[in-house]
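Take a look at the structures below.
Here come two complexes built around chain A, the first alongside chain B, the second alongside chain C.
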Partner chain A sequence: MTTIIFYILALVIAVFSVLAVTSKKVIRSATFLLFVLLATAGLFLMLNYHYLFAVQVTVYAGGIMILFIMAIFLTHKPGDEFSTKMSWKVRSSVLLAVGGLLLTGYIIVKNVTRVYNYVQSGEMKMQEIGTAMMGTEKYQYLLPFEVISLLLLACIIGAILIARKETSAGETDSDSDK
Partner chain B sequence: MGELLINTTGSHVPMLPYLLVSLIMFFAGIYGFFTRKNLILMLISVELILNAVDINFAVFNRYLFPEQMEGLFYALFVIAIAACETAVAIAIIINVYRKFGNTEVDNIQKMKE
Partner chain C sequence: MKQPLELTGLISNLHTFFRSNLTPFWATVIEGALVLIAVLAAYAIIALALIYIERKITAFFQSRLGPNRLGKYGWIQSVADLIKILIKEIIHINKVDKVLFYAAPFFVIVSSVLTFGIIPFGQGLQAVDFNIGIVYILAVSSIGIIGVLLAGWSSNNKYSMIGAMRSGAQFISYELSAGFALMTVVVLSGTMQVSEIVESQRYAWNVFNGHIPAMIAFVIYLISGHAETNRGPFDLPEAEGELTAGYHTEYSGLQFGFFYLAEYLNMFIIAAIATTVFLGGWMPIQVQGWDGFNQVMWYIPSYVWFFAKTGVLIFFSLWVRWSFPRLRIDLLLNLEWKYLLPINLVNIIVMVVVVLLGWTLEDLFPIFRP
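Entry: the complex of A and B
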């Protein structure tokens, strides 16, 4: 049963990730990306990482997809179609992607089959994740956590500053300098 | 490959199929990044690549070191950084749209006035 669910998710990921990079309409591409992200959340659930599942659904499939869809609505007319680049460029990209896929796949298949062993440890306790995220000991992550929070703050300020209208920017800047 | 086929009847999925799925996702992202001309579509390809990396972190953590959680936390931080990166990139894209009228990379010849 687990295996059947896994192969359904794998099929969804494989098909929709290829469709997301080849579809002509930009909003369809975003929708296919959403399917891929949700199927990835399903994979995390199968690995018993429930917290990662929740983060993936809320941050990726919730937040980032809303950002994408709003950006698409702001910058495109509905039903716009996009041509890709020149055909020699497409051909060389296909060659590059398929070649890289085959090479890396060969390396993985050659080397990985021996090392798998799934240790059944059940669901990871939320308490353990919390103490590891908030501790300062070895294998605990308070410092990266705080760095991420600073980065988020900087990104909020930067995004507002960049996307602001520039009509009165010169005046306000000179005013604030004085 | 033989082990992969035999293990389809078992109760647990081995490590290899997870890696192959993330491999397909990664190279789909690479292909999209090289062929797309639109900035938003290029950003979507980058998201695919980052998502494939997340799967790899979680899978290696679960299968090779199940009693530790370094991979889990790296995946969490990658997701947070991807959110930041997307927010700033979309702000830049909207700014570019305001200045040039579209978001095609070919039409953007000069960035400053």
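Entry: the complex of A and C
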């Protein structure tokens, strides 16, 4: 039963990933990407990770895809087909990408089978996630940790802003980069 | 408590019948198919009933008679409308983006059906019951807006586009308020599972249990839920005076029917979730210790309680719809971002304080404790 569903989801992910890249219209690519994200959410559901399923649907399908679609609406003529040229750069990058995929695929397959044994099966309760986020015991206190990472990001942006060379009125930004 | 009219016995009998006569694989497949058929049938029937009810109530608000030719009080009218919309031609439009144009209604209807699945219609009458119930509701209901945006864009029509953009802005804004209002109740009941939320309201409905903050959350949920369904004073996306029909201008036949169905069902879903979360769901009114009274209340089956409570909220929604004039788009967004959202954020804090200090009705008066 689960195998059949898995193959359906895997097929959906594979087909729509390819379509998302090869489609000539930006907005169609976005829609195909949405199908990929929804099928990924389906995989989480199959693994009984309901929380991750809901977050995947809310954040990616509900949030980011709406943002994408809104952003694409703002571009110039979003429905027009655009042509891509196959230069030697594209060909060599395809080779590189395939090589990288093989390498990372090997590493992931080797490690995931090892990690899989540690992961507990069964539905994870919302309460467990809540205590892991807010509790103060070992393996808990996740939320403050994440908030600190946000603080660090703010620090980095602040540092860049302060260290940036001021541009005078006549100069443009590209000039000051030189 | 005796419950002679409940369906739980029937459902568990069916379950044991399938389990004992079939292999586990086929039992799961057949049960899944049956649940799917039941959900879709309920979806269609509730939509038909709602269309009739809305037309009739609207007519009374406007001092008209409403449908009264087909059948007694015109009750066959919406069945006739259904048959008509099924046999109508789907007009193919030349300059639309074909794939997205035909895919868009499905997003809307799928999201609506998925949300419909988690509603507990009665004892044991719930298709899915996740531990993360409330988050699931928020997650799947947010897919629908993608369908609206795609429909508006792919129609290749400026009215559709403006309608879709308005709808998108409105939905995303009010989704926040609806989510926060539901989270307030999650703080109160300490669980996200829908069945547990209903069970915890056995003697005190959440709206009374959490008194002031819960009532504020209830009102905010009703307002923002009403806005999410694009109805009533918030129907700017399809403001017929300015935008012909908004994002579904170019749709015809059954495709338009999908949008129409989803709109009506979303109204029902908002009312049903408000019932489940704030008004005790299918739980009958009970008072601890009054066994005779409780027994009488339990004789009324749980699904009747559920539909009665939901019906009151739907009537309320129609009442609002025909009583207030349409808002302007900037006023609409002002209402959300400048009033509802800040009130909501403060409200959650108030609720946390109430729960932590033990000021809920259940904590103060032991008679309300389940």
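The rule we apply is simple: the second predicted complex is superposed on the first by the 119 of 178 C-alpha atoms of A that agree within 3 Å, B and C clash if a C-alpha of one lies under 4 Å from a C-alpha of the other, contacts with A are read in each partner's own complex, and residues count from 1 in each chain.
We take it that a residue touches a chain if its C-beta (ideal position, glycine included) is under 8 Å from a C-beta of that chain, and two chains touch if they have at least 3 such contacts.
Note that the coordinates shown come from a computational prediction; the quantities given were computed from them, not determined experimentally.
Once the two complexes are laid over each other on the shared chain, residue contacts for A:Gly62 go to chain C alone; chain B is not touched.
Shared-chain residue A:Met133: touches chain B; no touch with chain C.
Once chain A of one complex is fitted onto chain A of the other, the partner contacts of A:Ala14 are limited to chain B, with no touch recorded for chain C. Ranked by how many residues of chain A each touches, chain B and chain C are led by B. When both complexes are overlaid on chain A, the residue A:Tyr51 reaches chain B and chain C alike.
Looking at the shared chain after the overlay, A:Val109 reaches chain B, while chain C stays out of its contact range.
In the superposition on chain A, A:Arg28 makes contact with chain C only, while chain B stays out of contact range. When the two structures are aligned on the shared chain, A:Thr2 is found in touch with chain B, with no touch to chain C.
When the shared chain is aligned, chain C comes close enough to touch A:Phe73, but chain B does not. In the superposition on chain A, contact is made by A:Lys125 with chain C only, not with chain B.
Overlaid on A, the two complexes show chain B and chain C touching the same residues of chain A, namely 1, 51, 55, 63, 70, 124.
Note for the complex: chain B touches chain A at residues 1, 3-4, 7-21, 23-25, 27-32, 34-38, 40-41, 43-45, 47-48, 51, 54-55, 58-59, 62-64, 66-70, 72-73, 75-77, 79-84, 86-88, 90-95, 97-98, 102-103. Listed in rising order, the residues of chain A touching chain C in the complex are 1, 25, 27-28, 31, 34, 38, 50-51, 53-55, 57-58, 61-63, 65-66, 69-70, 73, 78-79, 123-127.
Of all the residues in chain C, the ones that touch chain A in their complex are 25, 28-29, 97, 99-100, 103, 130-132, 135-136, 138-140, 142-143, 145-146, 149-150, 153-154, 156, 161, 165, 168, 172, 191-193.
Those residues of chain A whose C-beta lies close enough to touch chain B in the complex are 1-3, 6-7, 9-10, 13-14, 17-18, 20-22, 26, 29-30, 33, 36-37, 40, 43-44, 46-49, 51-52, 55-56, 59-60, 63-64, 67-68, 70-72, 74-76, 82-85, 89-90, 92-94, 96-98, 100-101, 104-105, 108-109, 112-113, 115-121, 124, 128-129, 132-133, 139, 141, 144, 148, 151-152, 155-156, 158-160, 162-163, 165.
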